[in-house]
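I've put the structures underneath this note.
In the two assemblies presented below, chain A is common to both, partnered first by chain B and then by chain C.
Presenting the complex of A and B:
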């Protein structure tokens, strides 16, 4: 992990300005509460999400690399992206530019035409919001600050696909004690446990929610999401904690769709890990944007004495 | 020897003799089921190279047929006909007719990359699935899939403004695929939201549909990307032996 995480560049990405706004809000509020400063990238662009690579993978590499250039120009060596898609794409651009001469050549060519200098790999490290809190604050301080506020809350931690796969773009993972695992990630578990939550054993941490085809192949997405929801319930979870806006809105949307189309009702709540952590730190539900979620967990939160 | 993936053998190719004696041994009945032998002459020898020329297909030649991809596959668990290992085999053998039997489901890969994670040969099967789906479209075997419509609408938005606005992407997609926006589950979702959302949030949502979020001074960048994409399109059409003027 790069040096000081007390002040890092912030890349929210498109989803956090739209359906994932509550993730944006709660991330910023948690940072403020923990004394971590975020400086948003100036005039950033979309990273290419999951779609542009299907038109052309090199365009996605360029789009992501442009954001890394901005971070570098602003004098940062670390950029934090809370969205799994953005995080994944920035990591992938870093990897491809270092290992694939064709990718480097295309990025160089488009950057030149666009009128800015091309990103050179090695300049900026991309981290996820989980890395940011786990390494920037640490569990000891979280434990002290949260005072067990999430005690008795049964949580299934859901990480999705893009946080760990494909593994070659995450060279810092699977490096033994203290590092994140690609087969059984645990950073979110660690953070929420420090805030007092009771994490349930959940085998679908890195299962796919079908997010790439959330609209274009809704029936498969609904089946995949329903599997995640029912498994979380069977494991005893009351809440699924998320760390990706696509997974999060996918779970919320297809929870409704499963009920309307398949007649399968589930009641497990879906909250961003930053929302749970924020409330554990004493922030109100409103402050962490619970009212902006697509699903409504307010009654459950009241019952649990949160927010 | 046990037959793995038995579902790949079609019923019309199985022979069961109610009464059969071979070399004086009675082999009548269900247990002596045979697979009909066949002769194939119409290999498409260009297919593997063509798919390898499309983005994502580059490493198809590395496949060892171990089956880790199919074993790890999210979609295979939902639909056993979705079989990346088998399709890679067919493509490498040039068995186009066999591949075309599954042409309408290949685009359904959800890009979870479990196959890429599991593959011991860096084939990047996820990329091969995308390349194959595009090959089917470019060759005219399938119409543009809903996924391609979505990807194109999404990418056009980025090229135009540098960012996407989700409401616009959704509307473009439903329009291009000829689906109504008033699907019951979508109505239930939006209805629930409107009741609950704070006014400020609704105003911001309305605002961003009219004034699209954009990256400033993007025009030159968008154009540079467009130029690159059309260059690549022309290269790919040439590799696939398509008439570049006619498009697809």
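Presenting the complex of A and C:
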């Protein structure tokens, strides 16, 4: 993990400008509250997401690598990507360019054509918003700042599938004490526990949310999400904390769809971990964009003395 | 949605809804194995009969990943199933948590069945995410 995380390059990605806007807002506000500075990449582009990868995985590597070049040109050695898809793709580009000569050759060729220098692996480290807060601030300071504001809040932490997979593109994980685990991730648990939350044991932390099936077979997505929601409730959770805009949107949308289509109502709330942390730091629900979420947890938050 | 795992999913749903007794932890583990065997069968592979860390499910999962690394997306789900089964079977008798742990095990097996069912349904489409295959790959749609 790069040393100083007080000022890092910021790659929001497309989702955080659309359905995940409240994640963008709350991430920035939490950063401000904690004295962490984010500098958005100038003229960033799509990371290649899932769609470009299907057309040509090498082009996807180039697209992600271009963002890393921009970060380097702006003088940063660390870029923070809060979206699991972006985080995954930037990490994957880093890995591919270091291990796949063909990927490096294609990136070199397209970069030349586009008129900028090609990214060379090792220049910039990509981190997630969880790394940024966990390592940039630390639990001791969070504990001090949040003063147990989330006490009494039972949270199931949901990481989704891309934060830890495939393991080989995350060399910093599974390195023992202090590092993140790919089999049982815990950074979000640690951060929210430091703010006073009571994390419940949740067996589906990294299970598939069905995001990919949303367009081809919504019923599969709805059933997968419903199982996540009911399992979280069975674990005693009042809130599912998320750290990925795709998972978050999927959970919110299919919670509504499960009730409409399958007649299964669930009451567990879905909030970004940055929204929960922001409110624990004294920010209002509006400031962290709760009103931009699809569901309205305002009454629940009031009851909990948050926001 | 295709009618996937027509025996397993309704049985788990009925048990979770309290309509029938909850299957034992070992029965739930066997259901999970059946799900992954179906994945192998769809690829024309018989199970290799091995175990990993003493569990057939983990070996089946490992076999299911060969040539399809995206199947790793259910690796932790399979490991959770084994873990939960152990918690129930090896837990202290009369601890009072066995019923809750078995429910969580059943929900985790249900997730595996839904996930694998979804992958089986989508496998021919070559579209997004863990079902994805580069469109220029030989044989891709």
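In the analysis below, the second predicted complex is superposed on the first by the 307 of 307 C-alpha atoms of A that agree within 3 Å, B and C clash if a C-alpha of one lies under 4 Å from a C-alpha of the other, contacts with A are read in each partner's own complex, and residues count from 1 in each chain.
Please note the rule applied: a residue touches a chain if its C-beta (ideal position, glycine included) is under 8 Å from a C-beta of that chain, and two chains touch if they have at least 3 such contacts.
Since we're looking at a predicted model, the values are computed, not measured.
Participant: Looking at the overlay on chain A, is there a clash between chain B and chain C, or do the two fit?
Facilitator: In the superposition, chain B runs into chain C.
Participant: So in the superposed three-chain picture, is A:235 touching just chain B, just chain C, both, or none of them (first/second/both/neither)?
Facilitator: second
Participant: So, A:110: does it touch chain B (first), chain C (second), both, or neither?
Facilitator: first
Participant: Looking at the overlay, does A:294 come into contact with chain B only (first), chain C only (second), both, or neither?
Facilitator: first
Participant: Given the touch rule stated above, what does A:46 touch, chain B (first), chain C (second), both, or neither?
Facilitator: first
Participant: Which of the two partners, first being chain B and second being chain C, lies in contact with A:161: first, second, both, or neither?
Facilitator: So A:161 meets both chain B and chain C here.
Participant: Between chain B (first) and chain C (second), which, if any, makes contact with A:266: first, second, both or neither?
Facilitator: Touch status of A:266: no partner.
Participant: For A:55, decide between first (touching chain B), second (touching chain C), both and neither.
Facilitator: Touch partners of A:55: chain B and chain C.
Participant: On chain A, which partner's contacts cover more residues, chain B's or chain C's?
Facilitator: With both complexes superposed on chain A, more residues of chain A are touched by B.
Participant: After lining up the shared chain so the two structures overlap, which partner does A:204 touch, if you call chain B first and chain C second: first, second, both or neither?
Facilitator: Second partner only, chain C.
Participant: Just one of 27-35, 63-71, 171-179 or 207-215 in chain B hits chain C in the overlay; which is it?
Facilitator: Only 63-71 shows clashing C-alpha atoms.
Participant: Starting from the residues of chain A touching chain B, keep only those that also touch chain C in the other complex, and list them.
Facilitator: 50-51, 53-57, 161, 165-166, 207-208, 210-213, 215-217, 220, 223-224
Participant: Show me the residue ranges of chain A that touch chain B in the complex, using the header's touch definition.
Facilitator: Per the touch definition, chain A meets chain B at residues 14-15, 17-19, 21, 43-46, 48-59, 62-63, 66, 106, 109-110, 113-115, 161-162, 164-167, 182, 207-208, 210-213, 215-217, 220-221, 223-224, 253, 256-257, 260-261, 291-292, 294, 296.
Participant: So in the complex, which bits of chain A are touching chain C?
Facilitator: 50-51, 53-57, 161, 165-166, 183-184, 203-208, 210-213, 215-217, 219-220, 223-224, 227-228, 230-231, 234-235
Participant: Using the touch rule from the top, collect the residues of chain C that touch chain A in their complex.
Facilitator: Those in contact with chain A are residues 1, 69, 72-74, 76-77, 79-80, 84, 100, 103-104, 107-108, 110-111, 114-115, 117-118, 121-122, 125-136.
Participant: What does chain B use to touch chain A in their complex?
Facilitator: 55-56, 74-75, 78, 108, 110-114, 116-117, 124, 127, 130, 134, 145-152, 154-155, 158, 162-167, 170, 173-174, 177, 184-185, 188-189, 192-193, 196-198, 201, 205, 208, 213, 215-218, 220-221, 223-225, 227-229, 232
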